[in-house]
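So, here's a batch of structures to check.
Two complexes, one shared chain (subunit A), two partners (subunit B, subunit C).
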Partner chain A sequence: MVDQLATGSRRGLRPALPLLLPAYLWLTVAIFLPLSAMMFFSFMTDLPLAGKEWAFTLGNYAAFFSQSLYSTLLFASLRLGLEVTLWCVVIGYPAAYVLAKVLKGRSREAIFLLVILPFWSNGLVRIFSWAMVLREGGILDTALNAVLPFKINIDLMYSYPAVIIGLVHSYVPYMVLTCYLTLQAIDDSLIEAGRSLGASRLQVLKRVIIPLSMPGLIAGAALIFVPVVGSFMEPRILGGRTGTFYGTIIEDQFVAVFNWPLGAALSFILLAVVLIILALAAPVLRRAS
Partner chain B sequence: MAMTRILEWLGRFYILMLLAFLYLPIIIMALMSFNTSPFYQLPFEWTTDWYASLWQNDQLIAATWNSIEIAVITTIISTVLGSMASLALYRYEFRGKKFLQALLFPPIAIPWLITGTAMLIFFFGIGIGRGLLAILLGHVALALPYVIVVVSARLQTFAPELEEAARSLGANQWQVTQRVTLPWIMPGVIAGGLFAFAVSFDQFVVSYFLSTPGQTTLPVEIYAAIRKGFTPEINAVSTIIIVVSMALMLLTARFFKFGGEK
Partner chain C sequence: MAGVQVANVSRSFGAHRALDNVSIDFADGGFYALLGPSGSGKTTLLRQIAGFDFPDAGRIAIGGEGVERVPVEKRRIGMVFQNYALFPNMSVADNIAFGLSVRGEPKATIATEVQRALDLVQLGKLGARRPHQLSGGQRQRVALARAIVTKPRVLLLDEPLGALDKALRVDMQIELKRIQREIGITTIFVTHDQEEALTMSDRIGILRDGRLVQEGPPEEIYDRPQSEFAATFLGDANIFRGHVTGNGIRLPDGTTIAAASGSSLTAGAKANCAVRPERIQISTGTARPDSGNANTLKGQVSKRIFAGNNSTYFVECDWQTLKVIVQNTGAERLAEGEPVMLSWSPESTVLIAAS
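== the complex of A and B ==
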């Protein structure tokens, strides 16, 4: 409603075109045509460059389905995405609740800004900063050994937990942001009404707060899950040898093995998976808005 | 009531723990960039040598300049084109408008790994190849949707009657835009521009696939350095980047309320 009232004071595409065209042409050349080209190339035996021989083939997709390596890695990446998303819910949701319902005024504004600030700083650098903390003889190791009476060796670097920690650190602000926005919109009187009718805190949480903030949880989950499934830099830096995932295999096709058609097919399978997930999340989000 | 108070304090404590989790690694990295030992050994001894040696590293300096140049050009182009498109989407009603608005989400939602590799294939196919031009083309496309979303959000608070009033007083389209609409949406345009700068300056994945040796950006150069082995020099340059992008974001927050107007 608000949308329609506030916008569209005048009709017609023709006067709008000169304003729209430059931006959308740019998006077409740099995003939509490349995605189409990638789909095209994923059905080729080789790149049609410099007079190379090429033909149409389904071989690149057949490779995905015939070699268990690729599907195993895709599942590993999906599992990674799921685990990171769950950790982000567990860590981020309570924080969003405190921000929305406990803190007030200036302290809320300041802390909210502090939470989302790092997420706009360089992701690569933040991942790198964990390397300093997690390696043997690193800060965590040194600090724990200084406090604990017995000697332990903490060397989380190049392990699966290290990848999880780094990714959760990178993406948890998304969850705080989206959940905060929906939690803040819940009327306090609803919570008080529930309480005064004799519901326990837990019941209010389960019956009122969580259902009403579901769109925020789903939006946050989609925003986190999708990029994590396609991550390659984080597993490379923090995972070392254990950090082989679907994303790193795609990276390899383009920068190491130079099998671009296979890389394109693998990318496209990932895109299909991502689109299915976004499509599943969309109805919930639409109902909310 | 006592229970409520206890829970509230627990909540505050929890937020502090979260902030510690978010900031500790960054603070440690910053501290280590001032530590003498190249192997991050404690005790801590103050030095600025690593920052000094950055000045000797021509490769890093060249990449830094590339990053700044591309970010500035990206900001200018995407802010201008994005604001124009937002204005059109705000002012006019036409068929397919919802579709055009929906088209803004794929560039944001699709993982950069997919977008980046697709750009690599396409730019190679049409002869642009890799390099700074390809990186610039990609960055503007990534930044555009953010600018349009942010400027459109600001336009929602603008009363169309103001434009009508100006028009009925005899102002032409350009005058209406320049004297009435633009001043009102300026905070949105500035916030959009700062977003665009951040998207470009911090962009790693897309730049990584589109760069060649010699034509590269700072994050790509840092990634290469990390994979060769950690040095305090990387800490130093990383610390500079983090400080710059956080300062930029604080500046953006002055123009754009993330928590919604309240």
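== the complex of A and C ==
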């Protein structure tokens, strides 16, 4: 059986080549080459522009270890990634459940559209509209003061919660979509079977539905955690002074300080750390699903 | 164990009346088949008894206790689903243990009960397997073991053999019946397969368009159908249409068909007679057969279908084609086009009101 599959796939590779080639060519040109260039930069003392002198060095990587600021910010970013991922699970999973198991037909389509709507607007526009909502005298502040009989001050702008809100808003659709797909694949009769055996709805959720939708939760978490750890736009605009994270430091190296080699080195350290975390989590996650 | 009483249960989905004032008494320890074409309401009725759905009106009692508003998890029922609905994330043993484990039984009790259930369905050594590693028949047995290990008051089966091939289905019918006898549980079985209903059940309820058409032991429904639908849905029947005269009917051309006595239909009313194809005797020639049967008809063989142990003849009479089934006894077979005489007794003829 295994042998058959193996020979089958070997025989199948040659006719599949024309189909695979465009994608792999594109990936090589668009990702592999620039990344290789970045890797090369990260070992240089300076950019080879305008005839500047440069040499190979490990100093850019050493900088990460010699200055505690970088590792502190990396930890802050990892924590941010973890928190945003958790909030996305808390908000996205129930929504996905309702979409997959409760709603049918037209109402499902309508709610689904609302979930993916954020994808259709520009990311920068979304963040600035959050800024309008969250600042003092902004939409949230005005609306709450109009309703509540007492005076409250809502000024979430330039704070850690504002960064979380912005990021969760941007990334929660990924969690909804991945969970929706796995939840929809769960046969309703499994839920009925569980209940016919005396399990309450909560027990069915815990012992049947969540284990079976684990692949979706994991895929969603990976899709969210990785980009959030390196995010810079939301922290910079919504976080202000409190929004200094690992991603914003990298951005600074590229657009403000023009120290591309250091920015590249910091990026590859982040990539390594994320890969290590995913590798460490893999066995645990595989058992869970 | 307990009996189940369904009294005047109705259920509508929008404008569609899925169940219309259905009442059935399922006695303790019996094996019941709910038989009907798709859309007849048989599955809806089963789901009402299970508690997945609540009736709009009427009462449902399990063991004398009214349950029509009790949710499924509190009804103590066992259910086997058409697609088995085994939990793919659990081993066979964990699937069977699920009901005991959510109830909080001690681990040691669960282990012995699960093993006993596995032995009962003859899967003693497969506890560690995953559902996807089992064959269809084995999954079926696991689903059954999972449903009965919790010692439910009633066992509900929703077309459980529908996904199996013919040979395996016959095996499972015997197996299911053996297990049911062994634990003596009240069993309600939904099927659209009339043969399955006839061979397995103590009683059959035939449903059509949300109504109970007839209910009783298989022999009674087969021999004494009360409607044309019951006669033709459970088994095969030749139907004659005419008006009541004496104990039988008069056909439009004046021929009378005698039926067994005891009919309550008034003379002159529209009525039908049903005759099973295997009850009709067939003889060559045009002379009256010496079988002494009161009902005779002349005809001509129009088609013969040989099926090994029997042959089906389609015999064209003056106004309709009759189906006759003859056992293969080695006697000479009739050729197509041959003139024949058909005869059958009034006792084989059932008078039913015209629908």
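The rule we apply is simple: the second predicted complex is superposed on the first by the 245 of 289 C-alpha atoms of A that agree within 3 Å, B and C clash if a C-alpha of one lies under 4 Å from a C-alpha of the other, contacts with A are read in each partner's own complex, and residues count from 1 in each chain.
In this section, a residue touches a chain if its C-beta (ideal position, glycine included) is under 8 Å from a C-beta of that chain, and two chains touch if they have at least 3 such contacts.
From a predicted model like this one, the values you see are computed outputs, not experimental measurements.
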Subunit B versus subunit C as contact partner of A:91, first or second or both or neither: first
First, second, both or neither for A:115, with subunit B first and subunit C second: first
Which superposed partner A:16 touches (first subunit B, second subunit C, both, neither): first
Touched partner set for A:229, first subunit B, second subunit C, both or neither: first
Subunit B versus subunit C, judged by how many residues of subunit A each one touches: B
Residues of subunit C defined as touching subunit A within the complex: 50, 52, 71-74, 76-79, 81-83, 85-89, 98-99, 102-103, 146-147, 150, 156
Subunit A residues touching subunit B - in the complex, by the definition given at the top: 2, 6-13, 15-17, 19-20, 22-24, 26-27, 29-35, 37-38, 41, 47-49, 91, 94-95, 97-99, 102-103, 108-109, 111-118, 120-126, 128-133, 137-139, 142, 169, 172-173, 176-177, 180-181, 184, 222, 226-227, 229-233, 236-237, 247, 250-251, 254-255, 260, 263-264, 267-268, 270-271, 274, 278
Residue numbers on subunit A that touch subunit C, as the complex places them: 187, 189-190, 192-200, 203, 207-208, 211-212
Of subunit B, residues touching subunit A in the complex: 8, 11-12, 14-15, 18-19, 21-26, 28-29, 32, 39-42, 81-82, 84-85, 87-97, 100, 103, 106-107, 109-115, 117-125, 137-138, 140-141, 144-145, 148, 155-156, 158, 160, 163-164, 198, 201-202, 204-205, 208-209, 219, 222-223, 226-227, 230, 234-235, 238, 241-242, 245-246, 248-250, 252-253, 258-260
